[in-house]
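The letters A, B and C name the chains in turn, as written, and every chain counts its residues from 1.
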Amino acid sequence: MKPLLEVEHLTKRFGGLVAVSNVSLHLEPRQILGIIGPNGAGKTTLFNMISGVYAPTDGIIRFKDEEIQGQKPYRIAQKGIGRTFQVCQPFKDLTAVENVLMAYGSFHYDRPGCFKRYMAPQFADKARELLALVGLGDYADWEAKDLSLAYQRRMEIARALALNPEIILLDESAAGLTHEESMELIEMIRQLQKEGKSIILIEHNMRVAMEVSERLYVLDHGELISEGSPDAVQQDQCVIEAYLGSE
Amino acid sequence: MIPPYYLTIGTFVCINILLALSIGVLSGYAGQVSLGHAAFMAIGAYTSALVTRNLHFPFWLAMPTAAFMAAVIGLGLGLISLRLKEDFLAITTMGLNFIVIGILLYAPFFGRALGIGDIPVPSLLGHELSRFEFLCMCLALVAAAIVLLWWLQRSWIGLAWRGVREAEEVAQVMGVNTAKFKIFAFVVSTAMAGLAGSLYAHFLLFITPYDFGFPLSIQILTLAVLGGLGTIHGPVLGAVILTILPEYLRFIQDYRMLTYGLLLVFVMLYQPQGLFGHKSFIMRHLKPRKKSS
Amino acid sequence: METFIENLVTGTTLGSIYALISIGMTMVYGLLKILHVAHASVYVLGAFLGLVCYRLTGSVWLSFPAAAAGCAVFGYLMYIFFYRRVQDEKPLIPLIIGIGLFIAMGDAFRLAAGPYSISFKYQFARGPLEIGSFHITPHQMLVIGSALVLLVMVWLVVNRTRTGLAWQASAQDREVAMGIGVNANYYFGLNFMFGSALAGIAGVLVGLYYAAVNANMGEVWAYKVFVVMVLGGLGSVSGTVIAAYLLGLSETLIISYLGYFLPRDAIAFILMILVLIFMPSGVMGKRK
């Protein structure tokens, strides 16, 4: 079976700085991948290229057999790749429902139906459903800036889900969560997998990364230094050195 | 009958409301500031004047033609805006104002410094509109504009616009084609300004390039800033206040630009959302306190 | 040929003035990312202060420090009262504030001094200098000479003093600068003072050159300064200076040879829009 997402020899240079160098990975349908590595390894830059925020300097990104590198972010979102952000970026003055609808609107913006009222029940209810899924049912009408950081994270996930994506990119979703909350997150990720979604997560929280990923990729200084099952990677000498060395 | 003085004020209030709303659309929805909106009013005014006087267009056709011409240039500006940061776009709009006025001043086709006179009195269905009827028509147009904006604001287009204004890059990643919506805001905004220009031309029946200079652009901006960009009632209230108040406080006329300048400064310093904007001092005291988290 | 040299001299004079006014604004932009529109009003203030000083003391040479000092204080006050509070907001807010200040001050000048030009005539002891077909008036020599001296001084300050280096550091990254102990707001204030002083001197020079001071003189220059800044690469002092001379020369030459096919100001704006579209980083590009 063909991989859902193929990243081949992806490189990103910012002037003289090489943020990502020759990284390749592939994602099967309904798979959960983890990307780990010390700070500054280029993990978020990788996400930025996949979601279209940056155009790669070199390399190819193939989604369902179509090359998407360099395309505009909104196109990639509409095609079915959703993401969250390492530093939460909610639409602060909008409510949680409106935040989710912003993404849900991707099915309406470019159609004649764009003149319809966005808060109509058929749309607003869908947004509330997604928020309930992430446990924010009671906070649906709160303004995003009034939500706690952990809830904003969840809202971002609901928002990404509104795109009805096949792939979800989660950028450090477990950061700052309590042990219980991390377990809830893992449960939610597994649930999403059951529903047919594929997930790539960037994680600093090793427990979460090891627990939920089926396969790990390790980045350091922009390069791929290891890949494989969580157990294999855990024992890989390069990986241990990369982490110890950066302390 | 209503004295002509009130008819005049009323008409100018309508024109100013349209202008203020046009800036409100641009700032509130595309997040851009125009320091040269008078240029689009000029384009609308001259287009309307010329097609009725020289080409004998009926008035009801001249108005949309004027709006269309302004929107065409507005489209160009919108495309340019995609490549510029907001403060530099603002400067570019100022430059556009100068260029348009320059062309109007120097090209004989536009009557140079003498402008265009003998603009036909507007008539609908063969009947020349009296001042009163003209005012009624203006009010109808204002009402239509408000309804249109209200409707757009509630639609997916309105949500996309809010996304563009709040956090453009995030909106992109959420599937919003921000470029398209920014350009759309420019087109709507400049079309409204062009329409206002058409009304102006057919009210005064005589226009010169000096009517549409940079000072007017600043006045238009102040109307919207005072009331609050990003809402519909804000620019409307701002326009009403700043058109009517100088009539009561006659002495302000001599210090007009000083007043406008200081208004801009202090509103931006203390109430950047406008006097009637989201959660402003006045609005918080008018509305009952909402339950806060 | 004579005309060409005359144009060169005139263009250089004009360029010198553009340069002196634009530096202040470029420096503020480089540091704060704010387009300090009201800077043009500072320049007008300088012209008036110079005139007043001359009338009171009879000495033209005192006008310069008087204008520089007065404008420096004024610029600093503008920063403290109007810009400091909003320097971290979206750039539109300080921009509109700057425009409001500019409009208000323009009107204030008109109310105080009347809308008509006030004479600022000064006869130099020497006459014009003539070498063959090269002809330069003492006023032009004053402008160009002062500009050269001041530009050298600017270069020294920006590159060789601790303040200048602090400006460069703060421009790169304010948070980093504050982290290593640079009190950014203090240096921003100094920046405003410095740029304003230069504009004040430019005001006196223009008053003398055109032998008149006028409440409206700020308007034309205000718009030109943007053009210069964009052409020269935003925030780059050297780029601004080069662009200033380029603009002064090209305006003079175009009008001399092609006539006024558009108002002079419109030419500058068309140039600016073209540059903004096709060369967003200006002629010199961003200073690293």
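Rule of thumb we're sticking to: a contact is a pair of C-beta atoms (placed from the backbone, for glycine too) under 8 Å apart; a residue touches a chain by one contact, two chains touch by 3 or more.
As the structure is a computational prediction, the values presented were derived from the model and not from experiment.
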Category of the chain touch graph - line, ring, star, complete, other: line
Inter-chain pair with the most contacting C-beta pairs: B-C
Chain at the geometric heart of the assembly (C-alpha centres): B
Centre-to-centre distance between chain C and chain B (centres being mean Cα positions), rounded to whole Å: 32
Chain centre separation (chain A, chain C; CA means) in Å: 49
Cα-centroid distance, chain A relative to chain B, in whole angstrom: 42
Junction residues of chain A, two or more chains touched: none
Sites on chain B touched by chain A in the complex: 151-152, 154-160, 162-163, 166-167, 169-178, 180-181, 278, 292-293
For the chain A and chain B complex, residues of the former touching the latter: 51-53, 72-74, 77-78, 83, 85, 89, 91-94, 98, 101-103, 105-106, 108-110, 113-119, 142, 146, 159, 162-163
Contacting residues of chain B [partner chain C, same complex]: 27, 33, 35, 80, 83-88, 90-92, 94-96, 98-99, 102-103, 105-106, 215, 218, 221, 225, 254-258, 260-265, 268-269, 272
Residues of chain C defined as touching chain B within the complex: 34-35, 82, 85-86, 89-97, 99-108, 111, 223, 226, 230, 261-263, 265-266, 269-270, 272-273, 276-277, 280
